[in-house]
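Data first, discussion second: the structure below is written as structure tokens.
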Amino acid sequence: MSTSPVIETQFRVRYAETDAMGIVYHTNYIIWFEVGRGEYFFQQGMSPADWEQQEVYFPVSELSARFLAPARYGDLVIVRTWVRERRSREVTFAYEVLMAETGQMLVTGWTKHLCVSGEGQVVIIPPNLRDMLRPIEGS
Amino acid sequence: MSTSPVIETQFRVRYAETDAMGIVYHTNYIIWFEVGRGEYFFQQGMSPADWEQQEVYFPVSELSARFLAPARYGDLVIVRTWVRERRSREVTFAYEVLMAETGQMLVTGWTKHLCVSGEGQVVIIPPNLRDMLRPIEGS
Amino acid sequence: MSTSPVIETQFRVRYAETDAMGIVYHTNYIIWFEVGRGEYFFQQGMSPADWEQQEVYFPVSELSARFLAPARYGDLVIVRTWVRERRSREVTFAYEVLMAETGQMLVTGWTKHLCVSGEGQVVIIPPNLRDMLRPIEGS
Amino acid sequence: MSTSPVIETQFRVRYAETDAMGIVYHTNYIIWFEVGRGEYFFQQGMSPADWEQQEVYFPVSELSARFLAPARYGDLVIVRTWVRERRSREVTFAYEVLMAETGQMLVTGWTKHLCVSGEGQVVIIPPNLRDMLRPIEGS
């Protein structure tokens, strides 16, 4: 049984994302994690419009990040996103943010998500989403 | 017939609101306009929960701002908010952002809002809201 | 004497850019204006690193925007950026934000910028930047 | 030897902080952690201006957060901030975000910070700052 892919998203750092230290403000990397996560679903065939017809969603229940080196305005960065763990009712995504040109690692982290119904109940991940979320073992 | 008041809101600049020039990133002043606008309704007796029962909302249709001097991290700032013009289906709020301690003017501006129903139609402003939105003439 | 080009930048709306109305929060379009402006300089050969060696910068002194229709999470949008007016010490950029797939216009606007030295004095735009900022007449 | 205090900061949720799910976008709680951290130093007598004369700063090297319940637009929230651990060259702050009126816990978390000199070297925390950062044992 194959695993799901590692998805890469590439973009330039916006000026709005910097702070008075001249570097990217730390919570913006966490926003980039979600940009990677959105792209993950998108590249597996799940568009934003598809989400509206889906009966579940995946709010963040827990997150962790390590900041190794800063990005600056205009830097070209890559976010790598993959599934690290999947249970019946929750899924954990892992991320790496790195400099596109040098490969230097900037930030690593993960987010855990519960599968929640429209009524706010924690439910089992539906089969079509489950298939998109096959974890990379040992990652 | 009296006019509605000028509402003042005071808070400290957050580090997240600065940019690599060491000053507040310009769009954050526009967010502060809305903080002032929310406080305007709140102080007139219209809480966020009340909005959910209201059948209309006021999306921004136009905005203008002039940037005179910058604020920095930790500065205590005041946003002054009032109604400059009211028509049957639209309202214009005006704003001043200034340094709380010196009164130095930082940013001035205005936002225009259409009154829109839940179905997305432009409608007449309901009487209870109309009463909160009496313009200050010549402002 | 030719004019400078209209620069196009394309990207997807981030979930972080939406608000509780389910649409893009209005100040994010103004951030996109700056994404377009950064790309404008970038495509004219002026990288972020080049700015550090430049002795001037262009803070926003005034801005205006009209909101015609909303974008939503995942929408592919285009920002068109060009120079509308150039004086000896200031420049005005104009913008259009539109849906990439349908061409529907979402937001139009402009930002005015003073040319400021590192010491904070308003100065004449240096020749190398002046050449990048030839206005499109009547735009 | 006494410990440093638990600092409380209170404010209303901004509309700009919500997302299309109608609740606060998750990274904004992390920004609130920093609002609490800034207030922590401020209430210990360390103003933003004092930081400019200080020869060190405390970039975030690691963070963790658990999301228990969501806040919504207009909610009055409290951020509690204290020092959980202090070593010679690093300090860990802990946070709780809760509803001001009910005391309901919304988010808990911590951030770890290295003490870094203006030249980017990891250095020993200076005595004046060290005194402000006495940990609450077992917290």
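Quick notes on this one:
A, B, C and D label the chains in the order they appear, each numbered from 1.
The rule we apply is simple: a residue touches a chain if its C-beta (ideal position, glycine included) is under 8 Å from a C-beta of that chain, and two chains touch if they have at least 3 such contacts.
Computed from a predicted structure; not experimentally measured.
When the interfaces C-D and B-D are ranked by C-beta pairs in contact, the top one is B-D. At the far end from chain D, in terms of centres built from Cα atoms, lies C. Put simply, the C-alpha centre of chain B and that of chain D have 28 angstrom between them. The distance from the centre of chain A to the centre of chain D, with each centre set as the mean of the Cα atoms, comes to 24 Å.
Measuring from the averaged C-alpha position of chain C to that of chain D gives a distance of 34 Å.
Residue positions 15-16, 27, 31, 72-73 of chain D are each in touch with at least two other chains. Looking at the complex, you find that chain A touches chain D at residues 21, 26-28, 30-31, 57, 59-67, 70. Taken in their complex, chain A has these residues touching chain C: 11-12, 14-16, 31, 34-35, 38, 42, 47-49, 72-75.
Chain contact summary for the complex, chain C toward chain D: residues 15-16, 18-20, 22-23, 25, 27, 72-73.
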